[in-house]
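There are structures below to look over.
Two complexes follow with subunit A in common, the first pairing it with subunit B and the second with subunit C.
Here is the complex of A and B:
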């Protein structure tokens, strides 16, 4: 099992660094899955995580100048690692002016992801900083826990309002309540509501647009027969929503959410090279 | 004028000696007795409170007057600001005995000198909350800085960051190959900020683990010393040959021992049986800790007290000097990270 990668381009390094910063804000530990073409940061929706699930996918070619991996076996050319993303994000934080960053999977005393940053220096040789991030190798028999979650059978799918606006609204609501209701309909309307003993606050968004989803079997899902004005809603933990919004460092190309009434909200944030899906279950 | 402080665990001591020329006006008026130095201590919080916001001070304060009123036991700090505003702070002081750390950089085996910038840039790679860091002289004429991980349990979960500086980044290097010391980075950060701001090169003197490390800044009107206790290294104090130490500081190379194949095979076979000889996932085989076992308890203080005299060394601080802060050194490594600065007892 081998993994070696290198980033030389500063813009790519910056971009990758921002992705790791976002992931670090969403999960304390997560799974890093490496395949020949892609990297994934995965959080499976176990009870321990509060039922939250995350699936982030990157095409390695968009970030790395060199990328070589050899999986566990020829038929299973993948590597699954348990990692603390905060470590990765910290290692890359001070690499902003690096000449090159190399990442390698090693096992000197225990499995580690070694991030070696080559920095310019005034002296004849470059300054080298290495960060050994301890990782856990996840054996093949557990890989099933980390399969890509399917898009839920949602009641409403809607584009999100500007994330910055949404973030500031949610941040203020967080001070008043622990849970927030997200509701939306197929007419492009979304409301964010909180309700406490003292106060109810609702923020209304209009004209958001609803993404078209082609159904697989030709016949439309339940969403099609829905009354356009009728709201699908779910009450979720406001902190989780705030974490998702606060972690976004770059505006996504597309941002939408799928609501399964009273069950789950599925957020999809798409950038050019990165896609992030985040599942927040409804509170009981 | 000397300003000195020691931390509550007595593992860090700092002293700033300011020559009269540092000030616009300097009058070392007599204390109560003729020729006697005045020595007092002031609550840090109160003193810092006067200089709280540096940016606003720089904008509004034209002159700062500091004077001692022994009769009322007050240290007066008067800030003469713009627009005719004068702020006067009266801080209560207490007379106190001399505070002086015992150290002797002349007897130290290793020293380094670098522009503050180099060191400040180096420590930026470590987490701001990091406590201890290990400084070492590695092979290939490189100086390394590495975060110190305290115990075995943490070793498998903590990220280890290591930074290598080439010798030519320093202005002077005279180190024992393979030497290393571990000290508290947090205590150094303050001095680094000051050094960068005043654009002075920083000199580091160190010896064997256990003996304090001394950071010095020197200039025509200012002499600064920061003395930090270092982690003692029981095993290396037992005359290990230098080569063994060197092997602990392997220089970075591209060819890492890459044992993951065998590790994974071992892991895979464990799916068939609960093999006890195989490292279970995701716990990892225990990392072999560096031979240095830290010994941080304050042990046998009494014994130490015998080695370090309780009575003050003879060298006295006259007010106007630049001279060496050094005291006749006490040879013999202190085996533990503890008391450096002895309160001198009695008068001299």
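Here is the complex of A and C:
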């Protein structure tokens, strides 16, 4: 198993740093999957995570100037590592004006991702700050736990409102309630609602638009033949939603959510080079 | 959903209904008195008064006169209810609390009367939020009975002069001691904390002092934890009037100009400590 990569371009470095910041806000530990072409940050929806699932995908070519990996075996040319994303984002914080960042998988005393940040210096020799981030190597027999989740058979798919507005509203609602109801219909309307003994607050968004989903096998999904005004709703943990919104540092090119009534809300946030899917299950 | 669609159908009467183009004109004033979760709202045709009390010793009032609102209608002689101020503030600032130039949240407030919740309709950028906040039985409030004829000493200061002093108050001191006198030190704030005592003096001819009417030397001590919240009002204000009566009761009145240049008032009243010990000068 080998992995070494290098980023020299400052814009790519800052971009990658922002991605790790977002991931760090969403998961304390997660799985980093490396393939020849892509990197993935994965959180599988085990009960330990409170049932949330995360799938973040980047094309390595858009970030790294050099990228070499050799997986566990020729037929399985992939590496799965258990990582604390906060460690990675903290290491990259020191790289804001770096000349280059090298990342390498090492195994001196225990498996680590070694992040070496080359900083500019006044003298001829450069300063290098090295961070050794402990990682766990996930054996091949467990790789099935980290398969890409399929898009659920949703009742309603809708584009999200301006994230800035959504973030303000959800942050205030978080002071008032532990859970929030997201409801939306196929007429581009979405409501965020909280209800407690003290107060009820509902925020109404309109004209959001519903993404056109081509059905894969010609069968009607449960979203077809649906009354346009009828709302699909799910009641979710408000903190999970607030973490997702708070972690967004740059406006995505596309942001939408798919609601399976009373079961799960599937968020999809697409940037030019990164796609992030986040699954929040409905509260029992 | 335009706000006009929220108007009550004929037959439903609201004892209090009000509209405000910029909800910040209300929320910033309420923040200045937000040191307890609960507040009592008192509305007459003159406007709205929101009162917060603590420890039966300190009372803060925010006055938002009817002219601040675009519409303000009270159907009875007065309307009173108790409400959770933290919840009210979270609702008024639902679209965020930062004041971006050009954006403001429009507010419509309706209250049907005793036992009904307070309804808020807030709109910003086409997005509408509807809030229903439960109200409670109003509690009896303290009456400090502070009128101008009973005032012994009065000083009006520009707030910028006091801000630093209040922001840096030594909170390890249990009391804030206020001395007002026709003689030196004229106006002195003192604390007695773990590291020692600290005094801030304001001479009566200082540029910051707009008016100085002190007839008698008075030194009074107040629980510092009760007065510290008044810093929020001080920070918003341009002028502050400090008055004491013969018993040492303190009245702080803050003149606050909102974004549109309109003037509102917030006042704090505080009881002096009973053991008025010898002053340390």
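Please note the rule applied: the second predicted complex is superposed on the first by the 284 of 284 C-alpha atoms of A that agree within 3 Å, B and C clash if a C-alpha of one lies under 4 Å from a C-alpha of the other, contacts with A are read in each partner's own complex, and residues count from 1 in each chain.
By our rule, a residue touches a chain if its C-beta (ideal position, glycine included) is under 8 Å from a C-beta of that chain, and two chains touch if they have at least 3 such contacts.
Note that this is a predicted model, so its numbers are computed, not measured.
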Next item on the list: Using the touch definition from the top, say if A:206 reaches subunit B (first), subunit C (second), both or neither.
Entry: second
Check: First (subunit B), second (subunit C), both or neither: which does A:176 touch?
Finding: second
Note to self: With both complexes superposed on chain A, which partner does A:165 reach: first (subunit B), second (subunit C), both or neither?
What the structure shows: second
Margin query: Between subunit B and subunit C, whom does A:198 touch in the aligned arrangement: first, second, both, or neither?
Written below: second
Margin query: Per the contact definition in the header, classify A:108: touching subunit B only (first), subunit C only (second), both, or neither.
Written below: first
Next item on the list: Compare subunit B and subunit C by how many residues of subunit A each one touches, and report the one with more.
Entry: B
Note to self: A:284 in the overlay: touching subunit B, subunit C, both, or neither? Say first, second, both or neither.
What the structure shows: neither
Note to self: Just to be sure I follow: which residues of subunit A are touched by subunit B in one complex and then by subunit C in the other one?
What the structure shows: none
Margin query: Per the contact definition, I'd like the list of subunit A residues that touch subunit B in the complex.
Written below: 1-2, 72, 82, 84, 87, 90-91, 94, 104-111, 114, 116, 121-125, 127-134, 136-142
Check: Taking the complex as given, what residues does subunit C use to touch subunit A?
Finding: 1, 84, 86-87, 90-91, 93-96, 124-134
Note to self: Considering only the defined contacts, which subunit A positions touch subunit C in the complex?
What the structure shows: 161-162, 164-165, 168-169, 172-173, 175-176, 197-207
Margin query: Quick check: in the complex, which residue numbers of subunit B touch subunit A?
Written below: 118, 122, 124-125, 127, 155-166, 168-169, 252, 256-261, 263-264, 267-268, 270-271, 281-288
